[in-house]
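Chain naming follows the written order as A, B, C, D and E, and within any one chain the residues start at number 1.
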Amino acid sequence: QEQFVALPSYRVGPYASGGSGFYGGIIDYFSLVNAAGGVNGVKIAWQECETEYNPSRGVECYERLKTQRGGATLVEPLSTSIAYGILDRIPQDKIPMTMLGYGRSDAANGKVFPYVFPLISSYWSQAAAMVKYLADKNGGSLKGKKIVHLYHDSAFGKEPLPVLEALAKQQGFELVKVPVAPPGSEQQAQWLQIRQARPDHVILWGWGVMNSVAIKTAQRNGFPREKILGVWWAGSEEDTVPSGDAAKGYTAMSFNTPGNYPVLDEIRAKLYKTGKGNLSDQARIGSVYHMRGVTAGILFVEAMRTAQEKFGKGKPVTGEQMRWGLEHLNIDAARQKAVGAANMFPTVKTSCEDHEGSGAVKVQQWDGRKWNAITPNWIVGDRALVKKLIDESSGKYAAEKNIKPACMP
Amino acid sequence: MSTLSVNNIEVIYDHVILVLKGVSLEVPQGAIVALLGANGAGKSTTLKTISTLLRGERGDVTKGEVRFNGERVDQLTPNALVTRGLAQVMEGRHCFGHLTIEENLLTGAYTCRQSRAQLREALERVYHYFPRLKERRTSQAGYTSGGEQQMCAIGRALMAKPTMILLDEPSMGIAPQIVEEIFGIVKDLNTRENVSFLLAEQNTMVALRYADFGYILENGRVVMEGAAAELAANEDVKEFYLGVSGAGRKNFRDQKFYKRRKRWLS
Amino acid sequence: MGEATMLMNEPDTLFGARRQAGPVILDLRDISLSFGGVKALTGISFDVREHEIRAIIGPNGAGKSSMLNVINGVYRPQQGEIVLRGQHRRNMDCHAAARSGIARTFQNIALFKGMTVLDNVMTGRNLKMKSNFLLQALYWGPARREEIAHRRKAEEIIDFLEIQHIRKTPVGRLPYGLQKRVELARALAAEPEILLLDEPMAGMNVEEKQDMCRFILDVNDQFGTTIVLIEHDMGVVMDISDRVVVLDYGRKIGDGTPDEVRSNPEVIRAYLGGVADGEANGVESGGHGH
Amino acid sequence: MFYREAGQFRTTYEADGQLLPIRQDRIALIATLAVAVLAVPLLASPYLLSAILIPFLIFALAALGLNILTGYAGQLSLGTAAFMAVGAFASWNFVARIPGIPMLLAFVLGGLCAALVGIAFGLPSLRIRGFYLAAATLATQFFVIWCLTKISWLTGGSASGVITAQRIEIMGYAFDTPQRKYVLVLLVVALMALLAKNLVRSNVGRSWMAVRDMDMAAEVIGIRPMRTKLLAFAVSSFYCGVAGALYAFAYLGTVEPEAYSLDLSFRILFMIIIGGVGSILGSFLGAAFIVLLPVFLNIAAHGLALPTSVASNLELMVFGALIIFFLIVEPHGLARLWQIGKEKLRLWPFPH
Amino acid sequence: MDINFFFEVLIGGLLSGVMYALVAIGFVLIYKASGVFNFAQGAMVFFAALTCVGMMDKFGMSLWLAIPCTVVAMIVLGIAIERVVLRPLVNQPEITLFMATIGLAFFLEGLAQLLWGSQVHQLPLPIEDVPMQSLLDRFNIVVSQFDVIAAIICGVMVAVLALLFAKTRVGRALRAVADDHQAAQAVGIPLQRIWAILWAVAGVVALVAGLLWGARNGVQFALTFIALKALPVLILGGFTSVPGAIVGGLIIGASEKLAEVYIGPLVGGGIEGWFPYVLALLFLLVRPEGLFGEKIIRRI
C-alpha cells in the first residue's frame, strides 16, 4: 500500500545547496503526511538517486528508479537537462513528470505533453509577470525605459527571450541583452557595460554562483540592488547570503510567499523534534528552496488525493491515474488552508490545456536577513501572449514528433 | 669490514619479470669493485637496488638484503642513503635538462650543507677534473653534448662528498682520453679520500685495470668473482670481455660472424 | 650503381672481398652552425664516398653529433652547403633526408619507448608503405598484403641483428645495449643508402662491440650502404673505417685514412693524447698490461 | 594451467599478425560478443540496457576516440565533449534538413563534421605540446559550445536551444526499444573498435605512436608529424562525433549543448587514464569503471541508510579514493593490470 | 569611444586578472617543483575557504582564529597528500600524476562538504567591496577597494615565491625535481619532505585565494571552477613561472574584459568563456612554452 515517487536528486556538486533544500522540503512534507497516516491510508514511498545535476546520470537514475517498488508514479528531477533527457521516455513509461518552475515552457500544453507538468508557473509566465511588475512599479507604463536582461548564456537564460522581446515591442521599452558566460563567476565586464548603459532595471536571469556574483559585482560598481529583479532561481537564501550586505534591497521573483505557515510549524514539531527531518540544519526550514519543496510535496499529495477520489480511495494510483490527478488539480484557498499553507503559493487549477495551473508569482525583497514579499497580491503577466507562444511552440514540437494534439481521458 | 654488502637479492619488475636471481656481493671499505656483464645481465638493476631507486621503476626486491656500513638500507629512501654517503651516477646521464651545468652540479651538493666558499671549492674541483664543464657551465644541460652530460652526471655525484659511489657505465660516450681521466679520478679519490666504488662497466679492460675486485654477472646471477688481476688473467674473461685470445687482440674486422658467447650458467 | 647492383646479387658476400669506395655521394661544404654563443661547427668541409665507412671522431662536445644532425636536417646550419648526389642544398629537412635514403641512429637512444621491438622496426619501413588509412582500418586487400610483405622484411632485419627473442618486448624494458641494436634495426629497415650512426657501440662490452662491428660491416658489404660513424672506441674506428674526420671545438683538425689520422700530431694532441701512439686502440680494447 | 600458448605456433606472419594470436583469447572474445549480441538483449532488464549498457558502450566509443588521439598519438586533449557535440548537432541537422537521409549515413556525416572541426583545432598541436596543448584544447570545448548556443541555425531555430533527437529508423526499422537501441549501439561500437584496432596495429597506428613517443625521431624516419597528428585528430574526432551522435540519439534523446559540457570531456579523459592510455581494451575498461562505479557506489551508499547528503558526499570521496588507489596499484591503467593478470595466469602455478 | 569607460574596463580587467593569478600561482608552485599538473587546485581553494567558514560557523570561532586554524589544516592536508597520493607515484608519467590529482579533487570536494555541509556561506573579510570614492569622484572610474587590496596581497605572494625559486638551494632542488624525479632522488634531494612542504605551501596559497574569492563570490562549490579561469593565465604566462602567472593574469584579465565589452556585442556576447583560451592558444603558437615558461627542450 505505497505510492512510490522517484526523486532523482542532487546533493553534491555546484547546485547541492538548492537540491538539498528542495528535495528536503518534498521529503519533509511526505514524512508529515505519512506520519498522519498517509493519503487516505496510502503511505508515500520515495527514493532518491544522486544525479550531480548531470543529464547522463540523471537518465540513469530515472531508469533505475522507475521500476523500483512496483514502479514510480511521479518524477521530479529539478534539472532542465535531465527533464529533457527523460521527456521522451515518460509517456512510454506512463510516469508523469513535474517541472516546478523550470524546463520547457511550452510543456504547459497538455495536449502535446500529456505527462509533463510545469506546475504553478513556467519561465514564460514568469517573464511576462516580471514585465508586468516593472510596469506597475513605473506607474503602469514602461515606455522609453531601458531594461537589461542579464542572463546565463545557455538555453535557460535564453528561454524568456521570445516573451521579453514581444513585450518590449508591445510596451515600447528598450531591452538590452547582456549574456554571462557560464558559470558566471566573473562579471566585471558585464556590470561595467550595465553601468554604462544606465538601465532603469536589470532582470537577473541567473543560476548558481552567477547570482551572488552579480549582486556582489553590482555593489562594487555602485549599481543599486533595488533595481535588480532576479528570477526565482536567483531568489533564494543561497543567492543572497554569500553576498552579505551587498544583497540588501535586492528583489527577486518567487512562487511562494515567504513567511511562516502552520504546515512548517507542524514539520518542525512533528519531524525535527523527533529527529526525522530531512534537513541537517533546522534553520533552513521555510527557506526558499525548502518551501518550494514543501509546495511541490503538497501538489503531489493533492494530485494523489484527486486521483484517488476518481479511481478509488485508499489504494495507490498508477502513473496514468496520477497523471489524471495532476491534470485535475484544484487547490483553492480553502484547500490551501486545510493543509496549513494558506497563501503560501498561488491557487492552482490545472486542466488538459493548462498544465501550469496558475502562472502567478510574487516579488520578494531581501532585507539582509530574510526575504519579504513586497507585492501583496499574486502577479500574473500577459497570459494571452504566453498562451500564444505556448501554442506555437508546442505545435511545432507536435509536428516534429508526429504527435496528434489531444487531451487524454 | 665491507662497506657495502648485498646478500642474495632477487628483483622482479612489474610483478612478473624476474631479473636478479640471488645476487650477492661485497664492497670492502676503500675498495674499487667492478661489476661486469653483458647487456641485460642486471648490472644497472643491481645498482638501482642498492640505491633504492628501483621502486620508482616498479621493481620489487623480493628477497635478500642490502647493508651499508652494517646498517640495513633496503627500506630507506634514496635521500637517506645519500646523506649516509652513498651516491649514484645513473646510467643514461639523467641530467636536469632545464638547469644549467653549474646548477646541476650544485644540486649534487644538496645533502651536505656547505658554506658558499666550500661550495665554490667543490665546484672548482669538479671543473678541474672536467675543464669542458667549466666552459659550458652556463648552458642548460639539456643542450649539451652527450659526453658533456655524462661528465656533468659524474661531477654532480662528486659534489655530495660521498664515501661510496655507485657508477653505472661512467665511460659511456666519453672520449678515450677522458675515460682514462675519469678512472684516474676514481683511483685518486679512492687512494686519497678512501672513497669506495662499485662500478658497472662495459669497458672491462679499463675497469679491471683500476679495480681491486670484480664480479661477473650473467642473467641475473653472479657467475664469477675474484681479484681483478685474477679475472683479467682468466682465459674466458680474456676472450669474451677483453677481446683478447691467445694471439692477442683481434682486429674488429676479423671477428667471425657465427661466434657465440659461451655461457657459464644457464 | 652498376657495380653495386652486381655485388648485391652476388650470393656470398659475407666473407667476400671488400667493396671499393665509389664516387662522392655526400659532400659537405664549409658548414657552420652555432647556438647562441656556442659555435658547434665552424666551416667544416668533408665528403663521403659511396659504399665507404666514414668515421667522425673528436673529443666530447666537438660537434660530431651536430654534424650528423646537419646532414639529416635536424639542425639547419647558418652557413654552408650540402651536396647530396650532386644536388646542392642550403640545408636538409628531415623528411627529404629520409626520402633520399638517409637513416640514422642516435647517441641518446631515441627509440619509441612505448612500442615493441617489432613495431619499432616496422616504423622504419614507414616511407615504403603506401596504402591509405581507410584500407588499413579495414586491414584488407592491398593493406593486408603490404603489411605482411613489410613484416617479412622487418623480420629479416630482426633475424640479421639477432634480436628475434625480444621481438615482442616493449623497448623501454630492454637493457641499454640491446636498445642500441634495435635502433640500428630500425634504421636498417628503411633500407638506407647512407646510414648515420652516432656512437652505436657505447655501453657495450668487447664481445658485443665485435658483434656490432660485424653487423655494420655486413650491412656495408651486403647492401652497399654508405656508413657515417661516430665512435669513441679507437679500436673500432681504426679497424673498420675507411676514412676518418677529426673534429675539435667545431673545427676540422684532421681527415684521412686511419693511419694518416693516427699519426697526425694535432689529432694526437687534441684527442688521442698519449694513448694514440703505437697501440692506438689500447685503452679501449686491450693491449695495456697490468 | 588452462591459459597457455604453448603448442600454438604461428608459422606465418599472417597468423602472427592476427588480432588475437592466442587461441584462448580469440575464443573468449567471440564468446563475449556472442553473449553481448544474442543473450544480453533477451535477458537484461530494460534498465540495465538503457541506463547502463548503452551509455557504457557510447562512452567507451568516445573513450576509444580520445584514446586514439591521446593514447596513441600522444596529444592530450580536453575537447572531447565538443567533438561529440559537433557530431550530435551535425547528425541532427542532416536528419532534419535532408529528408529521407539514412540515419547511419547521418551519423557518419556527423562524425565527418566532427573530424573537420578536429582538424581545425588540431592545427596548433604542431607547435604546442603536453599540458599546454591540453589547456589550449579547452578553447575547442568552450568555443564550440558557445557557437552551438549562439548560432540558432544549428539548433533549428529552437528558442531554447534544446532539441529532441529524431527517432532512429534504419531502413524502415525503428530502433526505439532499449533492446534495439542496445543492439544498434553495440554493433556500431564493435565495428568501430575493430577498425580502430586494425588502424593502431598498422602503419598509421605505428606512426601515431612514433610521434607520441619521440616526435623528432619520427620525423627523422620520414614520418610527417603534421599529417600524422592531423590524421589522429581527424580519426579521433570522427569517433567522438559518432559517439556524440549516439549519445544524443540513442541515450539522451535530446540534442543540447549542456549535455556536452567540460565535465563530460573530463569524464572521458578519466576513462582512458584509468582504463589504460594507448589501449583499445583500456577504453572499455575505463568506461566501465567511470560509468558503473558511481552507480554501484550510489546504490551502495543509499543502501547504508545514511542521510542522503552524507551518502552522496561519501560516494564522491570513495570514487576519488578509488581512482588514486588504482593508479597506485597500476599507473598504466586497468588494461595493464589485466595484461599482468594474464601473464601471471600464463605462468601459473609457477611463481615466475 | 568613451576613453573613460575604456580605462574603467581596462583597470577592472587588470584587477580581475590579479585574482586569476592568485589561483594560478598555486598551480605554478606545484608544477614547477614536481612536474605535477595539479587538477585539485580548485578543490583545494574550495576546501580551504569552506574549512575556514565552517570553523567559524560550527565552532563559533572568530575569523582571526579560524584563519590560523585553517592554515594548520591545510598544512596537515599537504603532508597527507604527499604521504598517501604522491609518495607511491614517484617517477610515474605526468599524466598518471595528473589523474591522481583528479581523484584527489573528487575526494576533497566530497570531504569538504561532508565536514561542513553543502550550504553556501558568506565570508566576512573586513575589506569593503565598494568603489573607491576618490577615484569615482575625480575620474568617474569605478575601482573596487577590495580588488586593490587583493592585488597587493597577490603581489607580495608573488615576490616571496619568486625569491624562493630564484637562486635558493631549495628552489634549485625543486626545479631539479620537476625535471627528473629519479635523478633528483639519486642526488639526495629528499623528494618526500620537499613535496610535503610544497603541498603545504600550495595549500596555504589556496587558502589565500579561497579567502579572497570566497569573500567576493561567497563560499560555495563554484569556487572549484575558478581553476578554469586560471588555466589560460597559466598557459599564457608559462606553467613554470611565478611572475608569469601574474603577468599572464593581467593580460588575460584585461583582454577578456575588453573583448567582452567591445567585441562581445558584435557576436552575441558571452565570449568571456572561450576568449582567454583562444587568446592563449594563439599566443602559444608563437611561444609554445608561454611568456616566461621554461623552454621545452626538444633534442635528440
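One rule holds for everything that comes next: a contact is a pair of C-beta atoms (placed from the backbone, for glycine too) under 8 Å apart; a residue touches a chain by one contact, two chains touch by 3 or more.
Quick caveat: nothing in here was measured; it's all calculated off a predicted structure.
Engineer: Going only through chains that touch each other, how many steps at minimum separate subunit C from subunit E?
Structural biologist: When the steps are counted carefully, the minimum from subunit C to subunit E is 1.
Engineer: Supply the minimal count of touching-chain steps required to go from subunit C to subunit D.
Structural biologist: 1
Engineer: Can you tell me which chain lies farthest from subunit D, using the average of the Cα atoms as each chain's centre?
Structural biologist: So the chain farthest away from subunit D turns out to be B.
Engineer: State which chain is most central when centres are taken as means of Cα atoms.
Structural biologist: When every chain is reduced to its C-alpha mean, the one closest to the whole-protein mean is D.
Engineer: Select the chain at the greatest separation from subunit C, using centres from the mean of Cα atoms.
Structural biologist: A
Engineer: Between B-E and A-E, which chain pair is linked by the larger number of C-beta contacts?
Structural biologist: Answer to which pair has more contacts is A-E.
Engineer: Just the number, please: Cα centre separation of subunit B and subunit C in whole Å.
Structural biologist: Taking the average C-alpha coordinate of subunit B and of subunit C, the gap between them is 28 Å.
Engineer: Taking the mean of the C-alpha atoms as each chain's centre, how many Å separate subunit A from subunit B?
Structural biologist: 73
Engineer: From the mean C-alpha coordinate of subunit B to that of subunit D, what's the distance rounded to whole Å?
Structural biologist: Here the centre of subunit D sits 46 Å away from the centre of subunit B.
Engineer: For subunit D versus subunit E, what separation do you get between their C-alpha means, in angstrom?
Structural biologist: 32
Engineer: Two-or-more-chain contact residues of subunit B, please, as numbers and ranges.
Structural biologist: Each of 143 in subunit B touches at least two other chains.
Engineer: Which positions in subunit C touch two or more other chains at once?
Structural biologist: In subunit C, 74, 106, 108, 110 touch at least two other chains.
Engineer: For subunit E, give me the residues that contact two or more of the other chains.
Structural biologist: If we look for residues of subunit E contacting two or more partner chains, we find 92, 109-110, 113, 117-118, 268, 270-271, 273-274, 299-300.
Engineer: If you go through all the chains, which pairs of them touch?
Structural biologist: In this structure, the chains touch in these pairs: A-D, A-E, B-C, B-D, B-E, C-D, C-E, D-E.
Engineer: Which of the residues in subunit D end up touching subunit B in this complex?
Structural biologist: The touching residues are 331, 340, 343-344, 347, 352.
Engineer: Looking at the complex, which residues from subunit E come into contact with subunit D?
Structural biologist: Listed in rising order, the residues are 31, 37, 84-85, 88-89, 92-96, 98-100, 102-111, 113-114, 117-118, 228, 231-232, 234-235, 239, 267-268, 270-271, 273-274, 277-278, 280-281, 284-285, 288-290, 296, 298-300.
Engineer: Of all residues in subunit B, which touch subunit C in the complex?
Structural biologist: Interface residues on the subunit B side: 13, 17, 36-41, 44, 91-93, 132, 136, 139, 143-148, 150-151, 169, 172-180, 202-206, 209, 229, 232, 240-244, 248-253, 255, 257, 259, 261.
Engineer: Contact residues on subunit C for subunit B in the complex?
Structural biologist: Contact set of subunit C toward subunit B: 14-15, 35, 38, 58-62, 65-66, 107-108, 173-178, 199, 202-211, 213-214, 217-218, 232-236, 239-240, 271-273, 275, 281, 283-288, 290.
Engineer: Could you list, by residue number, the parts of subunit E that touch subunit C in their complex?
Structural biologist: The contact residues of subunit E facing subunit C are 300.
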